[in-house]
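Both of the next two complexes hold subunit A, though its partner changes from subunit B to subunit C.
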Partner chain A sequence: MGFRYDIRLSGSGGQGIILMGIILAEAVGIYEGRYVSQTQSYGPEARGGSSKAEIVISDTEIDYPKAIKLDMLLAMNQKSCDDYYMDLKPEGILIVDSTFVKQLPVARVYQIPFTRIARERFGKEMVANIIALGAITKLTDIVSPKSMEKAVFARVPKGTEKLNREALNVGMAEAIKAKKNILPFMRSEREDEDT
Partner chain B sequence: MGFRYDIRLSGSGGQGIILMGIILAEAVGIYEGRYVSQTQSYGPEARGGSSKAEIVISDTEIDYPKAIKLDMLLAMNQKSCDDYYMDLKPEGILIVDSTFVKQLPVARVYQIPFTRIARERFGKEMVANIIALGAITKLTDIVSPKSMEKAVFARVPKGTEKLNREALNVGMAEAIKAKKNILPFMRSEREDEDT
Partner chain C sequence: MKNKKNRPYREFLLQGNEAIVEGAIKAGCRFFAGYPITPATEISEAMSVKLPQVDGTFIQMEDEIASIAAVIGASLAGVKSMTATSGPGFSLMQENIGFAIMAEVPCVIVDAMRGGPSTGLPTSPSQSDVMQARWGTHGDHPIIVLCPSTVRECYDLTIKAFNLSEKFRNPVILLVDEVVAHMREKITFYDDEEVEIFNRIKPNMPPEWYIPYVDTPSGVPLMANFGEGYRYHVTGLTHDIRGFPTSRPDEIDPFIRRLFRKISQHFSELQFGDFYETDDADITIIAYGCVARSAKRAVIDARQKGLKVGLLKLNTLWPFMRTAVERVLNTSKIIIVPEMNMGQISREVKRVNKGSSKVFTINKVDGIIITPQEIQARIKEVA
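Let's turn to the complex of A and B:
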């Protein structure tokens, strides 16, 4: 078994979850040269207004593209946090939009108010997803800031590059702050190496 | 085994293949109420500039979200037609952008010059993918024109609704023309019922 990294991004329809999934997949798949599968599944919960996107990263061709046990979960609302945290691996990373997620299912959580920051810093809630991509860039080792920026620019409207670069940078800065406040792992005391 | 319908959309990066995949998946998954999985896989061919999106439609939850044997293949360039036509079921539907696909691997092909129509009718090659979605709506029974239009409007920029509605309508009209020219199935003589 080679390297495999399973991610789920989740929230409400309208929070830009699917676009995030595509940008993240393209950042890693096109600009970092890894195998990536990116999947969205629609069923009763999609008609209820929930949205999720999954990304599986590997060093070899991916047979089963759905995320299984999660290395990283982003929950942009309370419901998705409640529904999916059980799928995290014991040492998986949980990132929440603390604008909406108030009840934390575990102690070790990266809490960043993506939507509030988007509103207060940019006057546009719709960049919350790009701020979150910036945070993911810093909280995982799966993609470089440069590859992420290229992938964002390839998918956002022409003329919004400056706004989106700032949103990415704010997300990365918030991630560095959040890392300082995070609890260490309880069992193994393994800590991220790149703090 | 319930109903399962496997689709692959393929072409070059820049032809809007991924966006097509998401719109088609949301048309069926959100507005028609079926189970849908939508997957893109990135690997060496993505870095080479190829693009593909897969959609699996089912009446029950989908365990394996990658397309296996195709009920429908859209090939927006010659390479994707060459690479993927072998994955079609014997009675699967092949639709090609005849602007770019000149060498046909089988006799029974829906040939529509999506990109040329986009350029000549709308002055915008980028609507070729929406024209193709219109054609898919008419050439398959998986989605109603109304659901397709809703899904398109949810994903295209505000203010482009009129353009995109016209593009869908042109695609549907071209599909009706293409149906008249298509060869019947060789073996079973099964014909589409809704002509």
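Let's turn to the complex of A and C:
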């Protein structure tokens, strides 16, 4: 069977989870040229409630469009972390927004306070999702920073490119820091070389 | 951009709903009237942006009843027209869908299925409108219902839906589920792609010779656009060949039979589906919509374990793909029909089955897509 990489981005409605899903799918599908399918589920509420976006990446046509066993999980709040970490593969990557996620289910976790950084560095909680995309770029090897930047610019409002580029860069820098904080014996074998 | 074969192409990450809009515009749709409802709202949104760019008209109506009424009116004036809704709105449209069938007005109706009955589960998938699409409007009538399971099929089948509605002067329903409607996939459009577009056949005789509902060899009468000098009467009452109400049995019977004949004699043109690994299969899964994707995955996994399992994917739900289903009934002893309702297509499969195979079902009604694992478990159970 071909290569298949399952991602779930989760949090609460209003955190920009689905937009993240679209940008990540576009970065991988259009700019990296792989097969991709992105699905989502959310409650009927306008904000609040739980929200998740799933991205399946493959080098062949994708049959089942939803995530099966996760290679990567991003949890932007405690509830989604509690609900979904069971779906993670043993070698899967867990990234949490440590602004909200205080109780960790496993030891090997990348903890980055996306929302706090967004609030303190940019004065806008809104960009937390773009910071997280930056971190995902560095913590996984599924997408290059260049493709990610192109995909972000294609989806954000005109005139916010500078803000979003900075947010992406901050996310990548934080990811490198988070990698160092993880105990050496717990590190994934797939460390990337460009850091 | 250009690909390896030097064919110019463009690639997009599109939602099922957005691909439906692309397909509709490509097919020549220039009028959309609708009322927003999850999970079909993105169709209205995209139409409101795209239609003005091609000199089309977008109207947000006061409700779904008015939406389908406006669509019928626009189509009678010669404009290819469409509306989109979900289960609750589809229920409201049913009376006028019957009118469109009776008056033989081409139009396309998208129903993005969500959990029901009533307001149900607005943001969750379901496949529970299969029978509503077939028999939602009253009276004995023919209908064409197409069901995509990928974003590419959303595009292709929307074009087909317009072509078929124009060709047979009948409403065509595109039945998508929430998963397919909201799913984003990469879709490639080639600039040199040839797309077959069918336009209704207009009369070329002088207006005074035109008989609006007269039978033809295909069973489909010529259709004059309102405002082009051809005057005729359009009614929901059973009418004679001139369009006026009749209660003469010798006019009623041939009229109703013609409505059925125009679809049934072109049955073979309406069969869209896909056989996957069915030739040597002991067990065949019959699936449609998003569940067909889970089923394909289950088939691939089962084949790796050495089990002979195949898949028949249905893209046409109505008229029911009897010949295709009979083919797998003849070759497989066991049939499994997974669907997100309490058994709507499985009943049709059982009706077609003449006792040669055992038909099992998987019925899931909790608002979550049937997973490949659930289908695998059922395969293990019945094998």
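Assorted remarks:
Simple rule for what comes next: the second predicted complex is superposed on the first by the 176 of 195 C-alpha atoms of A that agree within 3 Å, B and C clash if a C-alpha of one lies under 4 Å from a C-alpha of the other, contacts with A are read in each partner's own complex, and residues count from 1 in each chain.
Keep in mind that, in the parts below, a residue touches a chain if its C-beta (ideal position, glycine included) is under 8 Å from a C-beta of that chain, and two chains touch if they have at least 3 such contacts.
On a predicted model such as this, the values are computed, not experimentally measured, just so you know.
In the superposition on chain A, A:Ile68 makes contact with subunit C only, while subunit B stays out of contact range. By the document's definition of touching, both partners, subunit B and subunit C, reach A:Tyr42.
Of the two partner chains, subunit B and subunit C are each touched by A:Gly29. Of the two partner chains, neither subunit B nor subunit C is touched by A:Leu163.
Taken together, the two complexes place residues 22, 25-26, 29-30, 35-43, 62, 64-66 of subunit A in contact with subunit B and also with subunit C.
Every residue of subunit C that touches subunit A in the complex is listed here, in rising order: 11-13, 38, 122-124, 179, 182-186, 290, 293-294, 296-297, 300, 304, 369, 371-373. Note for the complex: subunit A touches subunit C at residues 1, 22, 25-26, 29-30, 35-44, 62-66, 68.
Interface of subunit B with subunit A (complex): residues 18, 22, 25-26, 28-30, 33-43, 46-47, 61-62, 64-66, 157.
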